[in-house]
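There are two complexes below, and they share chain A, which is joined by chain B in the first and by chain C in the second.
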Partner chain A sequence: MNKLIQNEMLKLMAKKRLVVIALIIGVLVILFTYAQYKQVQTQREKLGTSDWRTMVQQQIVDTTNRLSSSRLSDEWKKQLQITLQQQQYYLDHDINPAEPGAPTFMRIFLENSIDLFIPLMVMVIASDLVSSEHSLGTVKLLLTRPVKRWKVLLSKYITLCLAVSLIIAIAGILSYVISGIVFGYKGFGTPILTGFNVTDEGLNTSQVKLLSLWKFLLMDFGLVWFVAIVVGTLSFMLSVLIRSTAAGMGVMLAALISGAILNNMVSSWESAKYFFMVNLRLTDYMKGMAPPIKGMDLSFSMGVLLVWWAAALMVSFIVFTKKDVY
Partner chain B sequence: MEKNITLSVKDLKKVIGRRVIIKGLTFDLREGEVFGFLGPNGAGKTTTIRMLVGLIKPTSGSIHICGYNIEEDFQGALKNLGCIVENPELYPYLSGYNNLLHFARMLEGVGEERIKEVTELVGLTERIHDKVKTYSLGMRQRLGIAQALLGNPKVLILDEPTNGLDPAGIREMREFIRFLAEHEGLSVLVSSHLLSEIQLLCDRVAIIVKGTIIRTDTVENLLSNREKMVWRLEPLEKGKQILSLVTRIEEKDDGTIWTEFNKQQTPEWNKRLVEEGVSVIEMKCKMPVLEDLFLELTGGDSIE
Partner chain C sequence: MSFLSNNIIRSITIIAVSLCLLWLIGLGWAVGEYYAGKPKKAPQTAKVATKVANKKGLTVVALGDSLTRGTGDEAGKGYVGVVADEIKEKTKRPVQLTNLGINGQRSEQLKMQVQQAEVGRQLQKADVILVTIGGNDLFRGGQGLIDFQSGDIAGIEKKYLSNLKFIFEQIRKNNKQANVFFIGLYNPFIQMDQGKEMSKVIRHWNYDSAEVTAAFPKIVFVPTFDLFELKVNDYLYSDKFHPNKKGYRLIAERVASLLTW
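This part shows the complex of A and B:
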């Protein structure tokens, strides 16, 4: 088995996909760092102060103003109210929600890349793991060795998991190192609030507790990894089912993008919550944001993803071991 | 004494949807022989070969490689098999060496020593560390063979091994295959749609048409008495007259006369022609073309 995984790694490295992914992440992190830096600057200029309390107060005023507008939809209003309550809580407890620093940037970067960017990177690797063997024709050599088919596929899957972990590590390291140049490398001990519960009555703060940022980050990383593995497994399945890499990628891309769009408009279509793509923003639950559909929470979303993951893995293995290869 | 049977196929069938693609094939391969699989395109050669190497599951029938049933003991059976199915498709972005390393890792007890050995055997030592995408077709073909030989197989299956090679490459490949069979004792199964190739390469041939083997025999038995004699004579009319007295003749548009070929009688005819004052400008023995052979064997049934 070890040798098979070595083989897959050899091919993965020779294709230089990981280098490309690292480059993409690097470029994006630089972009985002600059954008964040600009944002902080304009905010300071606008308020004429660098005091974060004034900024949060200003945000609260902004949010209240928007709430008073009569043309807001109910969902949007609820969301704003929750944000307002949260901001008030930060102010009351003297906690800076956006303490600048590389760790905070890392957190924001992770939270924003969980539903599209990281899955996209994972897809680049997962979607051609099996289908490329078909398009090259090498599958005929691969499957005529004295090795059972499920072992061949398992070695590919393990390689995928390793690659996913590597991608997330790369994303973490690059976002920390690059943004640190601008924002400084300190801030792992910053307290951050978590445990908000969105209930029917609004924000439930009874379970809110303070966490050091590094603990919070660890949880974020765990969630991102989980999402990446699920998305990776789904692309992997498509790679087994569809021989063309491009078609597999297209299907997965469409699913991911539709998830991002659906998130904004499915609040009244309740059964949509069983789609995997509306359940990808796991880190939002940590921040206490209202879920896109009522009744969704962290354990529900993880459960849904887990079911999709298991199904995809099962389909992959059954099809791969049974299929006739032409 | 009969040599050991290394590959045994019994009543092999494949049904896809409602179409019966392979309609019950039975044949054996013996140690040290080159066995030809001859048939027109679409006869089911490749489908059969894919079943032999485990890429396609047979609908019914059995395949034994060195005594191991391919469906019950896949690993045992495939250990004794090396193959190239269609073109030798290797990883273009890896070097030849890494390709071999890749496939060696999938075999038990095959190390760098053996990789070096097969590299030398196919004569690729100089270019083995270059990327495969820089290789010529002939080199890829040789690397494919090296890959197939890695595990010291008893049975080698080659699907259209000379496809796309230039005449020198074809000759080289042919000699190499004969060498493997005669000196290494391998059983080699070669498929082809070219009669001339099979004739030069194989000991025995199975002719497959529309998913059925219509004849299995040695090359000599299959082709003897089917050769034709082509004569170019001067003067033509007189020659024709003489020949038509002794055998059935066929006059062709290009001014040649075709008769049957017969080891004993043909020299006699020649002698007689010369004695009668007809100069024999050319006389050659000609192989029947595949289509003619099929027509003869199938009794006029078209080959699609």
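This part shows the complex of A and C:
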């Protein structure tokens, strides 16, 4: 088994996919860093100060004014109210919600890439893990060896999990190193609030607690990793089912993008919450945002994702061991 | 593939395995933290002590309702923005404008707002404070038009005046130096059927407000009633209630002429 995994790792490295992914992440992080830098600058110019309290106070007033508009949809209004209460809470406790620095950039980058960007990167590796063996014809060589088929597939799957772990680490390291050039490398100890509870009446702050940012980041990383593994497993399954890598990628891509769109409009369609793609934004629960559909929480989303994960894994193994290879 | 020696592959695999474990720990921690329930100690409300002075430039803080916000001005500036520009031009110093105006705000809501710690801190560092309040108390979104003759007005005004007094006390408590300009009400309904009676109510309202204002040092009541008395519709936005760009300019010019250094 060890040998098989080593062999798969060798194939992965030889394909240089991880290098490509690192390059993509690097370029995007540079873009985001610049965008963030510009945003901070214009805000400073507009308000004439870099004092975060003034900025947050101004944001609170601006949000309050937006709330008074009658044309807002109910969900959007609720979301705004929750943000408003959170900002007020931060201000009352004299904690900067976005302490400048590379760790904060890393946190925001992770939270925004959890539902589309990181899954896409994972897809680059997962979607041709099996199907490429078909298209290259090497699958016969692989299966004629005196090893059980499920072991071959398992070694591939374990390699995928390892690659996902590496991708998450690459994303973290690159976003820290690159953004640190502009924002500075300090700030792992800054406090952050978590435990906001979104209820029907609004925001419940009775369970709010203070955490150090590094702890919060580790949790974010864990959640991002979980999502990446689930998405990776699903594309792995498609890679087993569909011979064409492009077709498999297309299906997965469509699912992911539909998830991003659905997130904005499913609030009235309750059974949509059983789709895996509307459950990807796990980090939002840590921050205390209103879920896209009423009744969703961390355990629900993780449960849905786990069911999809288990089903995908089962289908992959059953199909791969039963399939005729020609 | 000569550069990919077995050792490199092995070390990458080991790194990947340990990262995998690390993320798993993070995941477990996240779930644990999410369901950990109540913290032993809730975060305490912090006392904001640090006073950040704006040494280089001047700080303008605006409090109040939609007039402070600038509703009706296509440019979005309102009289506050124009006054800030004016100060910038006159003093050649950078101006930091903090606009805390909230649409539809009434005097009791402003009373709550000025008690907030952060708003107090903003007031502390202000050099000029601009206030508009009372319009929504009196007009109540048009409701005031219907029952302005009833005796109810007196009660509303009494409440408003005591709120106003409280707001000024709060401002003075935070900042003894800054000049405060309190903008009076105009009559947007002056050309309507009952405009004359309405004007009478507003004149009375303004007079009493000015009386309250006079009790405080360095708080100036700025009348606007006369500005809108003739040709009111030229200066009103299409909602026939808020000033338009021209109307805001009128108010701003009046405030600007009162500024001293």
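Here is the rule we use: the second predicted complex is superposed on the first by the 326 of 326 C-alpha atoms of A that agree within 3 Å, B and C clash if a C-alpha of one lies under 4 Å from a C-alpha of the other, contacts with A are read in each partner's own complex, and residues count from 1 in each chain.
Assume contacts are C-beta pairs under 8 Å (C-beta built on N, C-alpha and C of every residue); 3 or more make two chains touch, one makes a residue touch a chain.
Owing to the predicted nature of the structure, the values given are computational and were not obtained by experimental measurement.
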* Structure fact -> Of the two partners chain B and chain C, more of chain A gets touched by chain C
* Contacts of A:V147 with chain B and chain C, given as first, second, both or neither -> first
* Partner chain in contact with A:Q6 - chain B first, chain C second, else both or neither -> both
* To do: Pick one for A:S73: touches chain B only (first), chain C only (second), both, or neither.
  => neither
* Identify the partner contact of A:A14: answer first if only chain B is touched, second if only chain C is, both if each is, neither if none is. => both
* Is A:S271 contacted by the first partner chain B, the second partner chain C, both or neither? -> neither
* To do: Mind working out whether A:L136 is in touch with chain B, chain C, both or neither, as first, second, both or neither?
  => first
* Asked: Between chain B (first) and chain C (second), which does A:R53 come into contact with in this model arrangement: first, second, both, or neither?
  -> second
* Set intersection of chain A contacts, chain C complex versus chain B complex -> 6, 10, 14
* Mind pulling up the chain B residues that touch chain A in the complex? -> 50, 53-57, 74-79, 81, 83, 85-87, 89-94, 98, 101-103, 105-108, 147, 151
* Structure fact -> Interface with chain A, chain C side, in the complex: residues 1, 4, 6, 8-10, 12-13, 15-17, 19-20, 22-31, 33-35, 37-39, 42-48, 52, 54, 57, 69, 94-104, 117-119, 121-122
* Show which residues of chain A lie in contact with chain C when the two form their complex. => 5-6, 9-10, 13-14, 47-49, 51, 53-54, 56-58, 61, 64-65, 68, 91-95, 161-163, 165-166, 168-169, 193-195, 206-211, 215, 218-226, 282, 285-286, 298-299, 302
* To do: Would you tell me which residues of chain A are touching chain B in their complex?
  => 3-4, 6-7, 10-11, 14-15, 136-138, 140-148, 322, 324-326
